[in-house]
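Both complexes below contain subunit A, partnered by subunit B and then by subunit C.
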Partner chain A sequence: MQRPRHLVLAPCLLVTLLVGAGTAVSGPFDIPLLPGPKVPTAEGEARLLFASSPFGVAVTVDGRHRYDIRIALSGLPDPTSLGAYHAYVAWEVSTDLADWHRLGAVQNGTTTVGQTSRNKFLLVITAEPDSMPSDHSGPTVMHGTSPSGWLQTFMTHPMFRGISQ
Partner chain B sequence: MRGTLALTALFAVAAPVLAQDAGMKVPSFDQKTGGSPNMTLVAHVVNHPGAWKAADIEIEEELSRPYLYLSGFVNNDFQIYDIKDPTHPKMLLDWSIENPELHRGIGAMDGKYFKIGTHYYYAQSFQFMQGSPDTDLGAVIFDVTGLPDAATVKEVARIRYPASPGGFHNTFAYKHSDGRVLYFATVGESKAIVYDLAKVVAGGDPASWIVGDVPNPTPFRQNGAGGYHDFYVGYDVGRLRDVFYGAGLGGYSAWDVTRPEAPVQLFTITGLGFDIAHTFTPSPDGNYAVTETEYQYTPLRIWDLKEGQDDQRQNLDLPISAWTADWRDLSHNHEVRWPFVFVSAYEDGLFVFDLKNPKVPRTDGWFYTCHCTHEHGFGGNPNAGWESTTSVEQGAFGVDVRNADGLIVLSDMRTGLWLFRMKGFDGWNGKDIGMPNISSVQDWDHGPVPR
Partner chain C sequence: MQHDMSDMVMDSDSTMSMPIPMPPGMVMLPGLVGLLPPVAPFLPGGGVDPTTVPLAVPSRITPLADGDTLDLTAGLLRRVIRGNSFVMYGFNGQVPGPLIRVPQNATITVRFHNRIDLPSTVHWHGVRLDNGSDGVPGVTQDPVEPGDSFTYTVHFPDAGIYWYHPHVREDIEQAMGLYGNMLVDSPDPAYYSPANSEQALMLSDLLIHADTLIPFGLESPDFVLMGRVGNVPLVNGEPGYELHVTRGEVVRFHLTNVASSRTWNLSFGDAPMKVLASDVSRFEREARVASVVLAPAERYVIETRFDRPGRVPLLNRVQAIDHYMGEFVAHVDTLGWVTVDSAAAAPDYAAAFDSLRVNGTVSADIERFRPWFDKAPDKRITLTVATTALPLATVQFMSIDTAYFHPVEWVDGMPEMNWLSTGKQVRWILRDDDSGLENEAIDWHVKHGSVVKLRIFNDPKSFHPMQHPIHLHGQRMLVVSRDGVATANLVWKDTVLIPVGSTVDLLIDASNVGAWMLHCHIAEHLGAGMMLTMHVDG
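Now for the complex of A and B:
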């Protein structure tokens, strides 16, 4: 039995709309990046990509997923305009801000850095004196939260008691 | 003599009728500027450059310590102001959580000061959401004894509550009749947590800081965990007990917390329309109360509590009157200095009404502070600046009154810090009007009962 043409077209149209919406649609591997106060007009997003592996899924020896991170940025000024900085660097940061793991240098455009194997982490991009700093010291320019960070239950959270829109 | 003066002042307060007093029209939204003739603007400080500037506000009560504390809301900070010259508030300190740009949530919400021995402290509550650092952080405690020297302000403790991430939305510092200084805190569970602040500032095992909890008997689990949103704790001089007045999901409840380790339920207020109970503030004698429910178009309700307090009824469901600044909006937090009620009325700014006749509330004065677009309040997507296109939650958030001289301080989410005086209101002492001297203001040295 042949399916009516409009029923076939409808899902296609939906997919087209979703893809066309681009960054407006975030999936479980996407990290929207927010600008810091020093670069208020910068924009960015990141996506977790399974790290290269001979197997289907890349994991550490203790079973944690390994990801590269593809970071797309735009609107970042030359880092020298922010002070004595010459590079932007991406960091994987533990949620208590205690552990900063350098992922790699980034710039406007698309850069893939890695690897991360944390479940929940912050993705932070800072301006630094060089592209290989051992620790972070410059200002935050972009930041985001790993998708799993949003899985923390806040059903009980009394922000405004769930009554705001 | 003072009592006579106070009574004279009480009845001398001009009573301009406005808005929601019976038969009066409400002003158009674009006319909401300025104030009533009896309300004097003392100072206004725009404390932050962004769209959202402040949450709650706290003023120290001793004239020799002219300091106020402004919670910075989504700016994740608090500010201390010296108001020795109230016409020129001077910011002494702007303290921010570390890496504020990496924290997400509504941030610095509520601040309370307290005194233990000879030291003064300030507790700043925080609320951070999923994906943010410090989701378990409830409050940071500072020793502020050395003010006005900001360099002497020192952090002494952080209260964390990992069992229910999301921090403390509201808190209340209370000098208990047994001499302890207690800190009541909302959490995302069906109870309020009670801390012994002497133990907190002394350090040691945080597990020992909690001395009890007060259950919420009116859970409304469809909308969260049925916890408390706000509360007031006061000594009931006539009935010789410390009483917790809680507002939360499902309604209001009063508890005898004379022994905070084992609270005893007194009565509840539940019924249609009270599910989103927000604030519950009694009169100095505990016989009346003002309550708020947090949704648009709802008024503050006035209650006669006597049947509940005297164990004649377990649940009250019929208020005796109501008041609102503007029926189209929502009046928020309030401070009771009987018979006056000072209201931070969101889009309507500061309002003062009185309960000289509790069945007929009367507006006494007002000053519009929000200067905002109606229904563009807080509540939208954090990534889009938190702004909603339907919420009226913006404008005057918190209000406090210095009993010593009647100075009124107000925090506005949109416009920052405001200081006022109302003609005829030069301070408050309950004894001057034949009431117990009980309000949110604590006698840190002596407690509510002379010892």
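Now for the complex of A and C:
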């Protein structure tokens, strides 16, 4: 039995706007990566995998899930084609963009980089002068949002206030 | 995705009018205000005067030898929790029930007497015993009616920590206190790394409004969407656990989650911990951990060293979701305290505690199963849900709140919506991917001595995705991989937590002949149909 069409329209529209046309959120572990203007033909996705734990579900002591991040990329040009860059580097970035944590160097193909235990984060790939920069300095070539970033707020939703508009 | 609103069930005449405790800041959907679950309210004792009911006493260790007999009586008792008296249930007047301590390979006889006001049975969780004593109504026995008795023969082939509980209306009977541990001692005195003392902790919770228990559904469970999550956490039936130890004392904790739905993330302040064992065996290798994730029905054996005098809290620290704000919120329950005296513990097991043992006999046992690790799955099931006749506001909300589901829901962020869902409206589903059959229509047959690979997928696109602790009766199993990643440190399990969106491969050692249940151990999900039968044919 399918749900009434109008009930699924709103979330579909929202996800389409936020993620990009033609991209779907497929589960709590998948991060579609979107290309920046310097690499318009690049494609990528990341997958969150529970870090090794005796309990199967890996969490920090305060209950944040711990994941290894596996990134699959294709269509990235040689970084030297973008300027004085020799590597692509993945970063786990706080949602206010204030805290950048280097995950590791990535390239076309599949790479398992570092771990994350943030509730919400951005995944950003930049071109850098080398594969182990202490901070990001080059252009953003791809980016995505942790699945938890799609957690919706209903603070202003009329449903909670009994308002018809 | 299944939802049918053509037959909405409402019951505005129900007397179940208790306000449901809401998380701080969370507002009730206007469309749900005034609605009641379509079930009659039920609490143990049917209004009996609490002063006429005996006061519960703490669990007592009951050592039994091979061939011994135990009389186990489920009855009404009175518990005082946070100053309020409640009529609840217990075994032999104790909460938890007697801690049955037996040597490995012992066989005992248990004469069960049902003196509560519901039919009941006893299931010996995790024990690879004779099928006829598994305690499953409709499969291995008839329910034991109030006033009747049933005799179980329980053989303990595996060392470790196990537990017993009813297999009838667990959402009521287990939640009201019918649970107890079984501690099976290995003949090897060095089976675990050394400890100065040991404690069995059974973790549960209770849903209370002011001075009153929130009633249960009589005809079927309520809180069926995500199970009943209590607002009063309990350790061994009490809201404030207290333990006194000496400085440097290594305490071995046998942890059992007997809550209906809650998964815990436990820690003792910043005291160091290591994990030794789980459901049916020790780990291949002991591991240092910062906290213990304990899903319903799971057990873990851990050791903790309290090396500084003072007070150490037993904490449950998780991340709740504030659906109103769309944010994660740190949630902390303080379950109790460990008081560490300044006197030094003797003997000093610091060196043994600091080392992590490798259990070669466990690996050697598992090695026999390694040839099957990479085989194609023999059975595949998908976890999903179907609903009908839920309140319209619930349907509307669930239908637009679909962009993200947390792999594990640690607390109930929508209790009023959850409360209004019953087994009349929600059917949790184990679906056989090959046959398309669901739940009790599934009737697998496998050969005794075979090794069965079962792949379970928890569909994130169902109407209400949620984690499921899946329990298999009477056998042992290995979690060989999660989401395609091989498990690095194996342990024999009988219950495995499957987060939303995860795929888990289990290798079942079909070692025990009989008809065995596989089901979700969230009591309300089980009550809403989430079970199948696997026959191990001799």
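In this section, the second predicted complex is superposed on the first by the 127 of 165 C-alpha atoms of A that agree within 3 Å, B and C clash if a C-alpha of one lies under 4 Å from a C-alpha of the other, contacts with A are read in each partner's own complex, and residues count from 1 in each chain.
Here, a residue touches a chain if its C-beta (ideal position, glycine included) is under 8 Å from a C-beta of that chain, and two chains touch if they have at least 3 such contacts.
Since we're looking at a predicted model, the values are computed, not measured.
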More residues of subunit A are touched by which partner: subunit B or subunit C? C
Touch test for A:32: subunit B only (first), subunit C only (second), both, or neither? first
Once the structures are superposed on A, label A:95 by its partner contacts, choosing first (subunit B), second (subunit C), both or neither. first
Partner chain in contact with A:40 - subunit B first, subunit C second, else both or neither: neither
Which partner chains sit in contact with A:119 here, subunit B, subunit C, both or neither? Use first/second/both/neither. second
Let me test your reading of the model: by the given contact rule, A:56 touches which partner, first (subunit B), second (subunit C), both or neither? second
With both complexes overlaid on chain A, does A:143 touch subunit B (first), subunit C (second), both or neither? first
What is the contact status of A:65 with respect to subunit B (first) and subunit C (second): first, second, both, or neither? second
The shared contact residues of subunit A with subunit B and subunit C are 120, 149-155, 159-162
Would you tell me which residues of subunit C are touching subunit A in their complex? 1-4, 27, 29-31, 265, 267, 275, 278, 283, 287, 289-294, 300, 317-319, 321, 323-328, 330-331, 393, 395-397, 399-408, 410, 460-461, 479, 482-485, 487-489, 491, 496-497, 499-502, 504
Residue set of subunit A touching subunit C in the complex reads 1-4, 7-8, 10-11, 14-15, 25-29, 49-50, 52-57, 59-65, 119-120, 147-155, 159-162
In the complex, subunit B residues that touch subunit A: 98-99, 101-102, 104-106, 127, 129-135, 164-166, 169, 186-189, 223-225, 227, 229, 249, 276, 278, 294-295, 378-380, 383, 388-391, 393
Tell me, which parts of subunit A touch subunit B in their complex? 32, 34, 36-37, 93, 95-97, 120, 122, 124, 140, 143, 145-146, 149-165
